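Sharing a structure, written as structure tokens. Questions coming.
Labels run A, B, C, D and E following the written order; every chain starts at residue 1.
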Amino acid sequence: MLKIEGLRKSYDGNEILKGISVDVSKGDVISIIGPSGSGKTTLLRNMTTLEQADGGHIQFADVDKDFQKLSSKDIQTIRRNVGFVFQNYNLFNNKTALQNITEGLIVARKVNKSEAKKIALEALERVGLSDRQNHYPSQLSGGQQQRVGIARAVALNPKVIFFDEPTSALDPELVGEVLKVMRDLAESGTTMVVVTHQMNFARNVSNKVIFMADGHIVEQGSPESIFEHPSEKRTQEFLTDILANV
Amino acid sequence: MLKIEGLRKSYDGNEILKGISVDVSKGDVISIIGPSGSGKTTLLRNMTTLEQADGGHIQFADVDKDFQKLSSKDIQTIRRNVGFVFQNYNLFNNKTALQNITEGLIVARKVNKSEAKKIALEALERVGLSDRQNHYPSQLSGGQQQRVGIARAVALNPKVIFFDEPTSALDPELVGEVLKVMRDLAESGTTMVVVTHQMNFARNVSNKVIFMADGHIVEQGSPESIFEHPSEKRTQEFLTDILANV
Amino acid sequence: GNHGSNKAQSSGKASSNKPTVIKVAYATTNFPITYQNSKKQGDGYDVAVMREVDKLLPQYKFDYVGTSDDDVLIGVKSDKYQVGVKNVFYTADRAKTYLYPKNYLGVSDSGFVVRTKDKDKFGGLAKLANNKGKLVPIAPQNGQYAVIADYNKTHNPKIDLGSADTFVVSDALKWVNEGRYDAFFAIRPMYEANVEKKNGANADLKGKLTYVTLGGIKTYPLFNKDQKALAAAYDKAIKKVIDSGKAAQLSEKYFGQDNFKLLNKPFK
Amino acid sequence: MSLNTDFMVKVAHTAIQGVPVTLQIVLVALLISLPVGCLFALIRIYRIKGLEQIVKLYVSFVRGTPIIAQILIVYSAFPSLLNMIIGKAAFSINPIYYAYIVFTLNSIATLTEVFRSALQTVDKGQLEAGLMVGMRPRQIFWRIILPQALISALPNITNATLYLMKNSSLAFIMSVKDITAIAKTEAAFNYNFLEAYLVVWVYYLIICYSAEVIFYLLERYFSKYRRSTKKTTYFNWQPFSIKQPNVSAEAELTESGRGDHAQNRRIKKKL
Amino acid sequence: MENIKLIINFLGQLLPAINITLIVSVSSIVLGSLLGLGLAAAKQSESAILRVFASIYVSVIRATPSIIMIFVVYYGMPLFFSAWFHINIEGWNRMYFVIIALTLLFSAPVSEIMRSAYGSVSKGQTEAGLMVGMTPFQTFYRIVLPQAFVVALPNFANSVINLMKEGALTFTIGVVDMVAKAQMIVANNSGGYAWQTYCALALIYWVISLAIDKGVTLVEKSYQAKRKTIAA
């Protein structure tokens, strides 16, 4: 459904992504793991056209082109078909929880207002925040903000939702509530690509795990194969490190 | 060495801290744990005079006074003797990683420039960021930013360092490194007060754990007593909750 | 309590051997009546006459302060300056605010600049009024504004009197030439400097425009209300300056003609 | 020196006719220059090729030249030029239109800079979030970025407006009779300029203060999302006092969208 | 050609007056900024009296046309001084009055510029500074101010350029800066050559304004790496 090939990206001459290929099928829940600075965030931002890649090919929705040749219409098509949940929430500061969700529906999808409100309320309900609909982001806890962020992406009913470390800015106590929401989404068949350090999520919820390091995909496969029989030394090291600290 | 008694703080009539007493001896590594909203951050901010407490007494450095009677000289004395690692980094946006560290040394401690730079480089080395010394915060990942924040506090070599959830924004992989730095600090005799959700740190590194809830200290004692034989029901509940999510 | 004024007055009467210093304010943008010359000194007809007056008054010493029109007026009113000169005409209203001396200080050759071909149509107050000519708006603080306003009080039809802040003379001349307006209220030296002189700013309009003298208007220095003694002394001195022909001489020098002669002719 | 109060009353009566004129000039100039200034600011921020240089030149030229010089061009030279094209009709244009032009051109330059600085206080994350819900940049700009930028723009827009209000008296050079012009004309008969100016001052105080209040209310409206549901006490001006009671959490929470990374501080439980 | 010669000639006559323009502007900018800073501080302070005072001051001054301000200072201040301090300042150089009037005029908008810029810097920045042991003033000066400064800069430049053009005020009490000089040149030419004179004046101001813009751009460029705005 979504296919990326040979994605490259450099900043100031430093190559951060050195040719990444990812294949997402409908219903996939893919976890991307890897050390800090390995390029996970950069990968997500380039796949979703938030940044312009230096090279590579994308096949998604009606688009089948090199990244560098994407027209603004293509970009709009891609963006209309993805959802993005940011590490630092990035809720619209000047909109209430409800408005944060209706905004995209009304403005980008041309859904009429009452319909948009209905969808938004459902989405809020799903993340357990119906009672917070009129709060501004500054009046919500981090966990609540992130759940609104998820509801915002979900409400648009995109083909794929991308998550960039959705729980890393949260207190462990609040992590549970967000993970539960994500697990529910996965179970209801939503296609998801999740950058995470939450190993139990990667292992138990996703059907595919990608391990990245230094701008390469070092290894990918089913959670079992990655967690139980990692074939690469780099993967083993990473897993040892990370599991020691939980 | 640092003694707080009966610390109280209200916001707009809501009492957040309801008379907290903390006793920190030289070399102590104290972990403060507790649910979100229990007042942990508020406690740290009031102990360090970032906010003015409504009542209570402090005994630290040369100061032995009620909070409300602190002169500006007292406040300066207290601040010169504490370090603070913020939950949200709070790096100086207009300074490079290196400058973030030298700033306090040169301006507040009157260390000469080359000496300050030496200390700062050492501190950066310790958190594994020597190669990022000339980056601005906006050019660093969240994990990198927080490590600079820790280096900044450490470099000042204060009597006590306060950490407000120092690893909550770090990737698990790096948590180990940072915890190692903190462990080293503990071993070299640095006194530390750490608000954390990192239970293995609380259990393995600290010599005293304080459990807070609703503005009270519910229970305090050695890590063993708190984690293995919590005497209060509230503590037990909290520990069950949090360990389920890791 | 204003120290300056009290001192000026009391010592003026005592007339000890030390002369009383009098501040004479002059507007610096009224060439050639009051202006600042290249040596940064006060100059112009009004200033020169005041210097003559000063010579005749040993008990006073005039000190000249160059400043803006507004400041001359407000300064004299508040006694910061005791006298002000800026080509001031007399009106009854103003005499309530300032002390006008009995004797005038000079005569201003005032007239209309009109297109030469329309000279007979607009070259006079009545002509302009009757032919519904358009007059370039006049700055209200300018004495000319009052002249037209006074004319309108007693005559019909009236002249369409518009006001605007001081505008640029050479532009006003152009406007008359191109027909935007029909007449421009000016003084002769201004017209001559711009149009008649060989390298004047509007020398290209020479022949196309004509200056029509309306008549001579008496100009006065303004005194602060409290300066009665000074005004009286001035009155005596100015009479001598005019009678001796010195003033006429200065008029020749600054205006290129003896404006006093205009007083014998009717105002058109 | 005593003030002629009868005269002041009289001036107050006549000068009031100038109020609508002053307001018209200010309103027209603002209504045009606010959107245009904003557009110009965006051109500069995004470095639109070609246009950026033009905007830069325009701003420096208009800001750099005295208004009187601009009036000279617009009011004196322009109609003469027009005269050659459309004939005498050029001279019957109401001079207030020239005033609109001069002051609009001026405000555009000022407001370009105001918006340029204000727009840059908004975090990039806001833009990205908008893109990711499928909004177009233009939609994000109107609905998300501009409202947030206005908080820091409004105090400066107020400055610009008051400056414009006061400068509009220069329109008298173009024979437009605003408050100041009428007062000056009155004063010309008896030379009571001081009194006239004092009356003018009172009018400006009233008008400017009303404008300030309006802008202040707007500022409050746009920053409503920054306020918690609780009322907060003023935080202390930090540089000059050592104690900082109530560095309020709200104040900090407002920054949550600004930092590059999440800020974990938040208000929990019912506010 | 004739015109260009004239303009150059007028440039020569105007330029000597740039001294006065610069002295007056620079002094009022420096003094006005300090006063503006104080006002911005007062507006944020705990003391209700200070806050109210600062608000009223800013409202009144911003509503005061420059010609009124200069008269208030030039005529009011000597009365005030002699009544309260029994000092006679009538004899002061008139330039001092101009500087005082401009300082007052400049301080009010600048205080608002500073207030809004200060508000755009995160409070966490101050706290971090305090916690590395800097005094509040050092924190303000070294951390908050530089960040607020970039935000304030374009607006500050607006105000500075406006101030430099306040020649009408200067001239009102007879201090001859460039604008005044231009008016006098026109007057002494019997109102002729105004276009050329103002053209020369505009050229000088344009150069100054270009220089200011250049400075602003340079400072902003040096900051580009340090902030992530919608532009980046």
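In this text, a residue touches a chain if its C-beta (ideal position, glycine included) is under 8 Å from a C-beta of that chain, and two chains touch if they have at least 3 such contacts.
Which chain is which protein? Per UniProt: A, B = Amino acid ABC transporter ATP-binding protein; D, E = Amino acid ABC transporter permease.
This structure is a prediction, so every number in the text was calculated from the model and none was measured.
With steps allowed only between chains in touch, the distance from chain A over to chain C comes to 2.
By C-beta contact pairs, the most connected chain pair is D-E. On superposing C-alpha atoms, the copy chain A sits rotated by 170° relative to chain B, to the nearest 5.
Centre-to-centre spacing of chain B and chain E amounts to 45 Å, using the average Cα coordinate of each chain. Rounded to whole angstrom, the centroid-to-centroid distance between chain C and chain E, based on C-alpha atoms, equals 36 Å.
Mean C-alpha position of chain A lies 50 Å from that of chain E.
With each centre defined as the average position of its C-alpha atoms, the distance from chain D to chain E rounds to 17 Å. Each of residues 72, 126, 194, 241-242, 244, 247, 259-264, 268 in chain D touches at least two other chains. Across the assembly, chain E contributes 67, 71, 122, 124, 127, 130, 135, 194-195, 227-228 as residues in contact with two or more other chains. Chain A has residues 87-88, 141, 168-171 in contact with two or more other chains.
Interface residues of chain B facing chain A in the complex, by the touch rule stated above, are 35-36, 141-144, 165, 168-169, 171-176, 179, 197, 200, 241-242, 244-246. Only residues 125-126, 128-136, 139, 143-144, 147-148, 222, 224-226, 228-229, 250, 253-254, 256-257, 259-264, 266-268, 271 of chain D touch chain A when the two sit together in their complex.
In the complex of the two chains, the chain E residues touching chain C come out as 67, 71, 74-75, 79, 82-83, 88, 90, 171-174, 176, 180, 183-184, 186-195. Across the complex, chain D is touched by residues 48, 50, 76, 79-80, 82-84, 86-95, 103-104, 107-109, 136-142, 145, 152-153, 156, 168-171 of chain A.
Across the complex, chain C meets chain E through its residues 1-4, 28-32, 35-36, 65-68, 70-71, 74-75, 78, 80, 168-172, 189-190, 193-194, 200-202.
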